[in-house]
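Residue numbering begins at 1 within each chain, and the chains themselves are lettered A, B, C, D, E and F in the order written.
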Amino acid sequence: MRPNGRAPEQMRPITITRHYTAHAEGSVLIEFGQTKVLCNASVNEGVPRFLKGKGQGWITAEYGMLPRSTHSRMNREAASGKQGGRTLEIQRLIGRALRAAVDLTQLGEYTITLDCDVIQADGGTRTAAITGACVALVDALRWMQERKQLKTDPLKFMVAAISVGVHEGQAICDLEYVEDSAAETDMNVVMTSTGKLIEVQGTAEGEPFSEEELVTLLGLAKGGIAELITAQQAALAT
Amino acid sequence: MRPNGRAPEQMRPITITRHYTAHAEGSVLIEFGQTKVLCNASVNEGVPRFLKGKGQGWITAEYGMLPRSTHSRMNREAASGKQGGRTLEIQRLIGRALRAAVDLTQLGEYTITLDCDVIQADGGTRTAAITGACVALVDALRWMQERKQLKTDPLKFMVAAISVGVHEGQAICDLEYVEDSAAETDMNVVMTSTGKLIEVQGTAEGEPFSEEELVTLLGLAKGGIAELITAQQAALAT
Amino acid sequence: MRPNGRAPEQMRPITITRHYTAHAEGSVLIEFGQTKVLCNASVNEGVPRFLKGKGQGWITAEYGMLPRSTHSRMNREAASGKQGGRTLEIQRLIGRALRAAVDLTQLGEYTITLDCDVIQADGGTRTAAITGACVALVDALRWMQERKQLKTDPLKFMVAAISVGVHEGQAICDLEYVEDSAAETDMNVVMTSTGKLIEVQGTAEGEPFSEEELVTLLGLAKGGIAELITAQQAALAT
Amino acid sequence: MRPNGRAPEQMRPITITRHYTAHAEGSVLIEFGQTKVLCNASVNEGVPRFLKGKGQGWITAEYGMLPRSTHSRMNREAASGKQGGRTLEIQRLIGRALRAAVDLTQLGEYTITLDCDVIQADGGTRTAAITGACVALVDALRWMQERKQLKTDPLKFMVAAISVGVHEGQAICDLEYVEDSAAETDMNVVMTSTGKLIEVQGTAEGEPFSEEELVTLLGLAKGGIAELITAQQAALAT
Amino acid sequence: MRPNGRAPEQMRPITITRHYTAHAEGSVLIEFGQTKVLCNASVNEGVPRFLKGKGQGWITAEYGMLPRSTHSRMNREAASGKQGGRTLEIQRLIGRALRAAVDLTQLGEYTITLDCDVIQADGGTRTAAITGACVALVDALRWMQERKQLKTDPLKFMVAAISVGVHEGQAICDLEYVEDSAAETDMNVVMTSTGKLIEVQGTAEGEPFSEEELVTLLGLAKGGIAELITAQQAALAT
Amino acid sequence: MRPNGRAPEQMRPITITRHYTAHAEGSVLIEFGQTKVLCNASVNEGVPRFLKGKGQGWITAEYGMLPRSTHSRMNREAASGKQGGRTLEIQRLIGRALRAAVDLTQLGEYTITLDCDVIQADGGTRTAAITGACVALVDALRWMQERKQLKTDPLKFMVAAISVGVHEGQAICDLEYVEDSAAETDMNVVMTSTGKLIEVQGTAEGEPFSEEELVTLLGLAKGGIAELITAQQAALAT
């Protein structure tokens, strides 16, 4: 039995609040149950040095956790003087996922930075971040369109992400912290609104897993992501 | 005329939301108009090395701004590898203010860390942080009392803080960003619920100021802080 | 047509040289074609702080590239003062893969560090590192057994890793640099000698990919890893 | 009774030695009793990036303590790899104070850096630094005038600073270390030669203080600063 | 009696392998007995800022030790976040030695970086690095000549280096680790193929030494360096 | 002709001022002409970790230059976040030189830190630092003897250091900055009061040098160091 009596394939309640803060070109608070991530999209003219003069844009992401977003207080990365490996890994993942969603040539020489800051953590922060950042990205692109900074819509499709895993021998979707920390297998999946895969990261935390388990988990992920895409589209329609 | 037609001595609307996040022993979102700061209090056993064996506790603070809490995006301090001088100065101020409010001997060998993270900035983030952190601190002390970790209530009084300044020749209270960035004189005042001063930091941004101006500004600060103390007590009474 | 006329499922020549350097408890130079990685295993008494007194051991990994292991010279991470995100991501992956291969309780309170340093890079450095580090790990465990530091053999199975990807529409195995840098999809797979999965990391570099493509790639990976396991066992038998 | 039998309002002996080192455009050793601070002013062409093309100059300060300027040896900040919060706070204060004294538009596109290094510390290092740096600044401006780099004298007034505080219930001026470390209230005041305030920083170290105490302390500060301005002018007249 | 029965003036076997890795413009593995250092030369257009527009080139060096090149594992400098004093000292020495060998004006506005990475350490790594780097440098200059990037050969002479020392009262040449770590006096000597001195660094590790001892050691060094120069020339002739 | 008409073997005027600052156990300002270095010795109980329990003491040194000790302002190392290679190299040299002068076993489990800070630079700062630090060290040892922290005098001999070099074809002693920056050969020599060598560091800045030149320079150094030892002893006798 999962916490709160969830069925194995059942997601936690999803909430997407747009325009959450006032200054960002896109600002989304996304909640997967008790996990809350603020995703702010910032539009800036210019591109990183390695892209200068290539006539294309860039999308990048940064990720952070507030020190007390977690059960016990974590060190503040700004104070310890560097971002940890987990942080860098997650923000690289978010960046790759969102770059896949956009035709960077149509974006023009702009950089969009997605800041994903975890206000409260209860498992699945990176997947919530990707899902929320995509909505913030769409708001930023709309903001650019209103200012005539874009000739066409560079968005190719929406992207969303979910964690799936094997916990006490059962494949489950959208793990919360108590499940995640005891999972035998843990997989994060990023998919498009067209049903294709952007990223699959599966890890055996305890025993190694079989191809069949991987396929089962992928199936669960598909269902969850379809639900997330629906929630994204509903939020963007209001 | 001030933005939104405020009178010189008039504060912005104050909102104090307790239990804003789930994990912290005290968690307060404080809003001074459009300025929103999340203040989380974390209780940990033990004290820093320089206090070991002295039979007293410690209170410290850390301050940060989300990169897009501001009009244009700031660099993330965790990514740039160090906290800037302004950040360090503010978190030292917050720590001093809250230590003044507590009898550290009665606290016992515990450390309470106040994490003040700016979600949205519109002037006065450090004064909002102090005011909100004091409420979070009280919640953390209550939490400790419930667990019998305290024999007596170590709180000596509430503390609150406000910014006052001279803008276009007029002394005003609780400056928002457009006022703050153009102020001739800028002063942050921390006071107790007993009407005494904890900290006064006045700076001539343009022309130097006279002792009379300082006294006028102090008077404005007193009024604002009385209002903040009332808001703190109302929040804690619910 | 692949470079050197390789068939899609064909691996590059694999060379595993044990006892490559003199000081390490396990020292392996592994070559996947032109990719050459030196994997040194160091045994030390004691465990990291978070494991103290739990009666188990620890396995960790560090990864680095010599500045001129690559086509154009990279900055030396020691000189720039931090390890980049890619480096941290890879060394976390290597560590997880090798921890999965060992019963840490049977290891006792020892730490084994796998240093994987790329002497020459031509694609697949992380998979070569995992495959070579596993051999170095076995040599280190044998060294411990000779010194009676182990009561039982804590190795659960061998692990090996391979990269697979889609390049010019074709699924291929063991990508070299020119293929890797132009691949549409890129997947790193870590498997056990028992045919199970430890880690799957698939990324759409260009277009998103389908579940079918993922399954095809997994099939290619299985074949390659079987070959690697054979090479590991042959090397260890000499 | 104060150490050395000083009266409450009595300053320590002030010594200002100009041209203390050979290379700097302005070089002043200032002594407040046993506190000795070397203040070097360096003139450089150009301004920081955020001021480029605005036709104005910039004044900035850096502060440091020699490791054994203090009773017990402090860590060398260059070795520990960062400047502490106190250091940054003080050098920001020195920079603000001296910028207030100069019409930056008349300075032209030059940057003057004030390096304030504490040779020996006995309380009041930041106020000695401001007072001495102002003399070094004047020497640097004179040096620029001799080279026709200035059309007019950009100095608006002299600035000087003093610490005042409440110690054993008594308001005193120019605290030395044994007084400072036991003071109930501590206030640093920066004033101009025209009798106006540049900066007031008052802190309750023990019990909170009243507005009356603040006004008393300001009065003491005024007297001390008048004496410092006289000493500056005497030094500059020789 | 020295280890392996070497005579006091006898060098360890010298091996110089050119074209050791594939990408660098010069790539040499040099072995002094069990000491193995990989020296890669990288040619890049442009010069450091302080040389821009002066019509000359630059030669610089970086040095590192693989963490398990030594008896017990050293910390990885990239992970600890800075290069230690010994590392910086050695790479400065290598850079000076090789700059002395080249007419930088004839080099044109190119920078050649010598990366010297210790694969296995057994004493004398800095001298092996200088000796090997000089061969890699010659290969890089030849590579530039083939591409017509040089009008003349900027090499003035070969340089090589050897360590000499006093161990158990006896002056010996080319110390290995067990000798080096117990030497009373330790001296590193860099010389040219024309028999002149580039650098002499002698240190009393235990008792101070006399001028006579210094002259004796210099004599030993001369003999060793002549042998090294011969080995360099033989390697370059093939 | 040398600046100020000095003869080739002639030193600049040497001044050694003991008890220069108030807090350090030994505090010496040493001047070699216009070069001024403050050398403070700090005595602390305990030794670094690698010496714990070995019953011996430790001597270490740190070196720094005030930003405007030089002709044009240097960056402050504390602000740039690390000590440069030259700084580390010099402080390692100072530490080695002073450890050679002391029987660390007789020192007992104390650490003496020599802080050498350059107030004004005009060539020869490292040699002045060593020479001055030795006097400060003697004062610190005397301070320990007065407190009965030492049973015997652990000083084996005095050490002093001088720079010699070849400038415009002439061997000269005690180079000032204009000579040093144009020298063909530059050599720093550390010697004992017993006439033995502790360290010899000779570098060809332009053309390589011969053994004969080295011997000539050593002879010059001997004369200069004898003079320095006399000055040290005279200072310590007062």
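To be clear about the criterion, a residue touches a chain if its C-beta (ideal position, glycine included) is under 8 Å from a C-beta of that chain, and two chains touch if they have at least 3 such contacts.
Here is each chain with its UniProt name: A, B, C, D, E, F = Ribonuclease PH.
From a predicted model like this one, the values you see are computed outputs, not experimental measurements.
Chains that touch both chain D and chain F are absent from this assembly.
Taking the mean of C-alpha positions as each chain's centre, the chain lying farthest from the centre of chain D is C. More than half of the residue-numbered contact pairs at A-C reappear in one of the options A-B, D-F or E-F, namely E-F. If you lay the C-alpha trace of chain D over that of chain E, the rotation comes to 120 degrees, to the nearest 5. When you average the Cα atoms of each chain and compare centres, the chain farthest from chain A turns out to be F. Centroid to centroid, with C-alpha atoms defining each point, chain B and chain D lie 28 Å apart. Chain geometry summary: the mean Cα position of chain B and that of chain E are 59 Å apart.
Inter-chain spacing, taken between the CA centroids of chain C and chain E, is 33 Å. Chain centres here are Cα means. That of chain C falls 50 Å from that of chain F. Multi-chain contact residues of chain C (touching two or more other chains) are listed as 81-82.
Taken in ring order from chain B, whose neighbour in the chosen direction is chain D, the chains follow as B, D, F, E, C, A. Taken in their complex, chain B has these residues touching chain A: 21-24, 27, 34, 36, 38, 40, 42, 44, 62, 64, 66-73, 76-79, 81-83, 87, 113, 115, 117, 119-122. Put simply, chain B touches chain D in their complex at residues 82, 84-86, 88-89, 91-92, 96, 100, 157, 187, 191-192, 194, 196-204, 207-211, 214-215, 218.
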